[in-house]
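Labels for the chains are A, B, C and D, by order of writing; each one numbers its residues from 1.
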Amino acid sequence: MLSEEQRNDVLIVRVDEKRVDASRAPLFKDEMTRRIEAGHTRLVLDLSGVEFVDSSGLGAIVACLKRLGPRGDLAIAGAKGPVSRLFTLTRMDKVFRLHDTVEAAVAQMSS
Amino acid sequence: MLSEEQRNDVLIVRVDEKRVDASRAPLFKDEMTRRIEAGHTRLVLDLSGVEFVDSSGLGAIVACLKRLGPRGDLAIAGAKGPVSRLFTLTRMDKVFRLHDTVEAAVAQMSS
Amino acid sequence: MSVGMRLHIDSDFDKVALLARAVRALCAELLDAEAADAVEISLVEAVNNVIEHGYEGKPGRDVGVEVSVHPDRIVIEVVDQAAPMKSGALSEAASEIVFDETNIDSLPEGGMGLALIRMSMDEVEYCAAPGENRLRMVKRIPAPAG
Amino acid sequence: MSVGMRLHIDSDFDKVALLARAVRALCAELLDAEAADAVEISLVEAVNNVIEHGYEGKPGRDVGVEVSVHPDRIVIEVVDQAAPMKSGALSEAASEIVFDETNIDSLPEGGMGLALIRMSMDEVEYCAAPGENRLRMVKRIPAPAG
């Protein structure tokens, strides 16, 4: 469900599913956790291919942020209409930086 | 459900419903019959706003043709994807002339 | 592996469009527009038949539609508790619509529903069990190109 | 005048997306994208809750969704036959999601579903009757401009 690309010290993780809902959130969390445990600390989560996230998907993203700990960094790129609205509605846009593009997220993270 | 416009001796009847199905076919037939009985003999049926017709809608169109009788003329304009496919599938494209636009239908009828 | 859902309406022609829209949405990602059109017309004709012939136009009776999505096909079953269609009606229905197009008075105004279903779907099967009839229609999902 | 239909799935998270797609299709012509999103997230959260909490994740149980379309509103009712939600849970659920964003460890990983529903719908009401629970959610259809 995920594909990845390393750019310098930033790992870009792209979600290849249209929906990150209760049926997918556990697998998403496992696959993200595996990457975090492998030592990646700066991640951009590319949600540009995702059309829908529910509270369990959002909860899994929050779990990843906690797992990363204080020295880690997790930015969101490409969240569209309903996905970006979920971040706003839950006030998680105060916690995660939302970027329109992966490039913008990587640039901000590298600076 | 219908709106109309007279151009010379041709009456253009536009269907203002997205679906002409079993719930709408009786009313459609009544409203068309009223116009035919009022003396209109050359009609263009504009289906460009219609997204779906079922066999009862098609049957109502055939009923109008019969009602018009041998001296009448009924052409179809603007039938889109599924609507034009229904005419083909039922071979009713051999009975009705299908035109892309109202203008083409009127031009052909006037010539 | 398949996933499925059931949809129900009362026997009311005004509600058939809701079924059609919902089922079409379930097909949208799996079928191209032409195949989705084929499913939609078949569903509508089958449900119309149940309301008109099965329930003889009486309101307040249940019409069920079971949709199951398999990797290679979509199966649509229309389920009713009406008197069954007379046996053989489906197989006797023409699989093509034939008429003399030069004789306007002979053109069909009805009787095209079952033929449309047979022309539009890949498999069609009717089972009348005591208390429940089931018209099963299958549309194959084309394998992805390449 | 209203028209309505019922949709059913088994208590299986894999099937919730089918419900969502079908219900969204029913809303598509009546609501703008933002309002349709609001209905979709509310429906999904409500159905997830029934599967996770009501049926405790057990498969093979029925989750029903009744959709009725009125001129001025869409009513979505999620119906289950599980043990009911404890009384007051809905009204006690925050109607806003509150946390200290500077304290990462305190961020919620769950418990946002009911709040999302309350924020997204115009009316929300829960009725637990013997044998059947019903979460009723209403979204108003804006009057056409002009």
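Here is the rule we go by: a residue touches a chain if its C-beta (ideal position, glycine included) is under 8 Å from a C-beta of that chain, and two chains touch if they have at least 3 such contacts.
Small disclaimer: the values here were computed from a predicted structure and weren't measured.
The greatest centre-to-centre gap from chain D, using C-alpha centroids, is found for B. Chain geometry summary: the mean Cα position of chain C and that of chain D are 30 Å apart. Inter-chain spacing, taken between the CA centroids of chain B and chain C, is 25 Å. Work out the mean CA point of chain A and of chain C, and you get 43 Å between them. The set of chain A residues that touch two or more partner chains is empty. Across the assembly, chain C contributes 14 as residues in contact with two or more other chains. In this structure, the chains touch in the following pairs: A-D, B-C, C-D.
Residue ranges on chain B touching chain C, taken from their complex, read 19, 21-23, 52, 54-56, 58-60, 62-63, 65-66, 70, 81-82, 85-86, 89-92, 94-95. Residue ranges on chain C touching chain B, taken from their complex, read 13-14, 16-17, 20, 33-34, 37, 40-41, 44-45, 48, 51-52, 97-99, 101, 104-105, 107-110, 112-113, 116, 119-120. Interface of chain D with chain C (complex): residues 3-9, 12, 14-15, 18-19, 21-26, 28, 67, 69.
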